[in-house]
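Here come two complexes built around chain A, the first alongside chain B, the second alongside chain C.
Let's turn to the complex of A and B:
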């Protein structure tokens, strides 16, 4: 029987952090408060920045330190601030709402949604192995997990029927893509990474503005009323 | 040439900034002048791009394919800028109108700017960013009417298109991975070197990148099954924005798919990318043809017609023959003019009859002495009737299908296009030829809402006639070179 070598400390750390990112994605299914949803997104983004720092140190890629710092500044500080600022206005229009009315907006029960997400995540995890992609900087488990994160983010966007969770679903999809980029495109020029981050900021502002418009008209974050355009 | 490109990238931004502060008449004049200037500048690029590729400052790259898409966007930009003079009532006293028109004109100019920038980008990363910018600006423009329908359409659009562009970003990253295997870790996603690397690129990541790009950018192009945002956004946006969305934005997303197509053909050979496009194209065309048969809202009717034409483009590329590729590029131009015209005509109908329902519009030909016949001609043009440009382009595409021995594909194309023609012409017949009842005839007086809403539509018909009857030699040279670039096989 062939002996299986234990993973190195670096590979172990990278895999643990990647799994943390996926668990945070699953955690988003059960959040009942928008504030907690945003915090969980920030935590997930923080894990990806930590992974970028680990890769930068282990693989001697100093540019990744800058990327980790910029990414953390944007996703841990600016995005939550922008969302809070734009949505607090929405909350004031109907006190108590805005921060608390996204519980139970799932199209399926929580258990069914999580089961579906597990199936989708498993598909993503195992299908990536067939592609024969090799990464010079991270173990392939991280790539498989990043694809799972992206697919589970789609489940979140499809299954939650409130605009805030759908927006967070999109942002966490972007986190999954960031994780993919870290595995297969760690050498991508910093200027392009910065452009992507700036673009994310613009998208967050537009999402926030449109959530505000929606909340202003429907007096709720639910998408239950968005059914007039058909055919 | 660099000066032309700098002005093309700078003038719309300057016009947007002026529009944010200026009185309405100034904003209208500046926007119309900028639109006309951009169209003239793109025309000046045609001779050079017909002979060689242009590259500047390492971020800008313009070849014949780019210029075809720049022509479509800049023509529509100029047309809707003139049309908007009549579209926005100058004498409006409604509260908030000043804020509305400032946002409208700033958004319109920025939207045109982002669509002009996308085909000029030298790298797949910058192309993705430019297309993402088109999404966020146009989503805000869709929401600008501040109605329930507009808010719903804008939310669906921004969410679905952003998710699609998420997939397109994954495609970009896998394209980087493929490029870095051959060109080294410091590869910057520039398109030229990637195409040059061609057959040396690893197959699996290129295949994955192409599939994701078709699905991701296809979301914005309106390909089935990721087209669902399109009818909502096109029907709820202000008419000038609908014209730009349909005639230009969808084409810009198609441009991105074409770039990935070139890379995929160079790396994998033609079979896989053509099969993928054929499946998406036929499915989109079938869905649109069926939806066109049973529409109650004429702006949604035109939106589904866009899905139909995007399907035709995808099928045309899948044929791969040079004549089909030249037809596809001509189709991009003719569709921009025809669909812009149809939406601008629809905007006149909305203004006249106060409704987007087909059943609410009767006697259009009698009540609108100019816009009625022009709308009819636009519908004929969209239905590929001779002598308009779409007849020529679809003829070339079908000819290319037979030349490439894709007889079944060409036959399916002809059948589904005929089905779509039935839907479009039946609706146009009801709106234009069925006489208004006595009540309606008494309510609406005969006449045009504004001459500004007629002039650009008439110009569009002239363009469609020129494209159909006798395209200028310079344009034919451009299309031939662009088709040759797209047809290069490893």
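Let's turn to the complex of A and C:
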């Protein structure tokens, strides 16, 4: 059996950071507190900014520095801030349940969910491998991982029955897309990237409001109450 | 330049190093853990004194226990003394007996040791020992796939599954260290080691709290020299697993590249220092996390499995 050659140091580092993004996505299955969920999302976004900086330095794409800074400012500072501000009423006001409102809302046990997500991630991984896309900027593995991040985010949104995890799942889905964009189209005009980032801000506000309204009506972050609305 | 040692002597030294240093490494961990908790803690050499005392005491066996009960500690210790022949303990080049078995072979021998101890625990008829054996085997069945995936990763990275080959690959370039497959496999192996050595977050190492007892419960009915062998065996198992993680995956530096006596002596010191450093990390983890509930251990293992599987995935697209 032939040994698989090691990637270059740059490709290896880029792959490690992308794997970190994917692991953060898996970590979200485990988080029991809304605050920790938001924190993990911020960490995941931070990894993507780091990756943008690594690519900018190694591939001499100076506009990626600007993108990294903007993305870090928005996803590391503003989004968590807005989310916390909007959820303050929903999370902290009721001390009994409080932030731990979203614990144990999984439809399956954690271990089963992780195994299911591994299967889904494998599907994303090998389907990208079959497509045979080549990127001049980043290794193919990073692209495959970014698709897996998006798919695992779907698993998170499906498996967790609380609005907060579903919002975070959607936002981290966007992180997966950012990762894809970084791999496939690192040379994208900056103005387009910035437009996407501001779209994200709108999404956050809309989600925050939805969570607030839901919490106001159902007095819980769980979506189980919505089942009774079926006709 | 010092004299070159004959190969059989180095081979023998590998076993002696593991056997002699193992209680010391356990002692360092216990000491560091105690210091971190603000206690003075036992002496680093405490386990040696314990073993010496136990070896002088009389041995008792429960009524109805057969020869299996008494043979198991000897068989387990033999297994633990065999594995150091297969792994790079002191030298960076393969010694003749090092090719007797690959990583899987070493894993099988460690499993055999764990199996005979479990059978002996069943022999006793004591509920605690049986409970420990049953739990150990239950969770061993779910850590085994993780070990297999780590071995697959090694096999894909090097094209062989000899531990010497992986250590040489890791030393060869920086690209081999930052590749995700290597980092993920090493992290998964570390989690398995935390499980196998009965550390937090899987088990409290020194407690006699039956709710969480796994490894610690098994030698409950053994006494005297047999208990000493079991205690020594689990210390040796711990050092063997540390050696595999350090000298194969994480830090395969400081090994003797020549059979010179000086280089080998340096390698012994380096191994002891690396194992003590890793033991300190383990002690810090011990003090920073809470023990998982017994039924949450599957989540811990699922995490290790995730890392190992991702390691193999990344290799498949050539990027690992």
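Criterion: the second predicted complex is superposed on the first by the 218 of 231 C-alpha atoms of A that agree within 3 Å, B and C clash if a C-alpha of one lies under 4 Å from a C-alpha of the other, contacts with A are read in each partner's own complex, and residues count from 1 in each chain.
One rule holds for everything that comes next: contacts are C-beta pairs under 8 Å (C-beta built on N, C-alpha and C of every residue); 3 or more make two chains touch, one makes a residue touch a chain.
Bear in mind the structure is a predicted one, so any value in this text is a computation, not a measurement.
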State whether A:12 touches chain B only (first), chain C only (second), both chains, or neither. second
With both complexes overlaid on chain A, does A:226 touch chain B (first), chain C (second), both or neither? first
With the two structures laid over each other on chain A, which partner does A:132 touch: chain B (first), chain C (second), both, or neither? first
The chain B residues in contact with chain A across the complex are 123, 125-126, 129, 132-133, 136, 139-140, 143, 146, 148-149, 151-156, 158-159, 162-163, 166, 169-170, 173-174, 176-177, 180, 185-189, 204-205, 208, 231-232, 235-236, 291, 294-297, 300
For chain C, which residues are in contact with chain A within the complex? 155-160, 169, 173-176, 178-181, 183-184, 298-299, 301-303, 305-307, 309-310, 313-320
Flag every residue of chain A that touches chain B in the complex, lowest number first. 131-133, 136, 150, 154, 157, 163, 166-167, 170, 173-174, 177, 180-181, 184-185, 187-189, 192, 195-196, 199, 202-203, 206-207, 209-210, 213-214, 217-218, 223, 225-226, 228-229, 231
Would you pull the chain A residues touching chain C in the complex into a rising list? 1-9, 11-13, 15-16, 19, 22-23, 26, 30, 110-111, 114-115, 118, 121-122, 125-126, 128-129, 139-142, 144-145
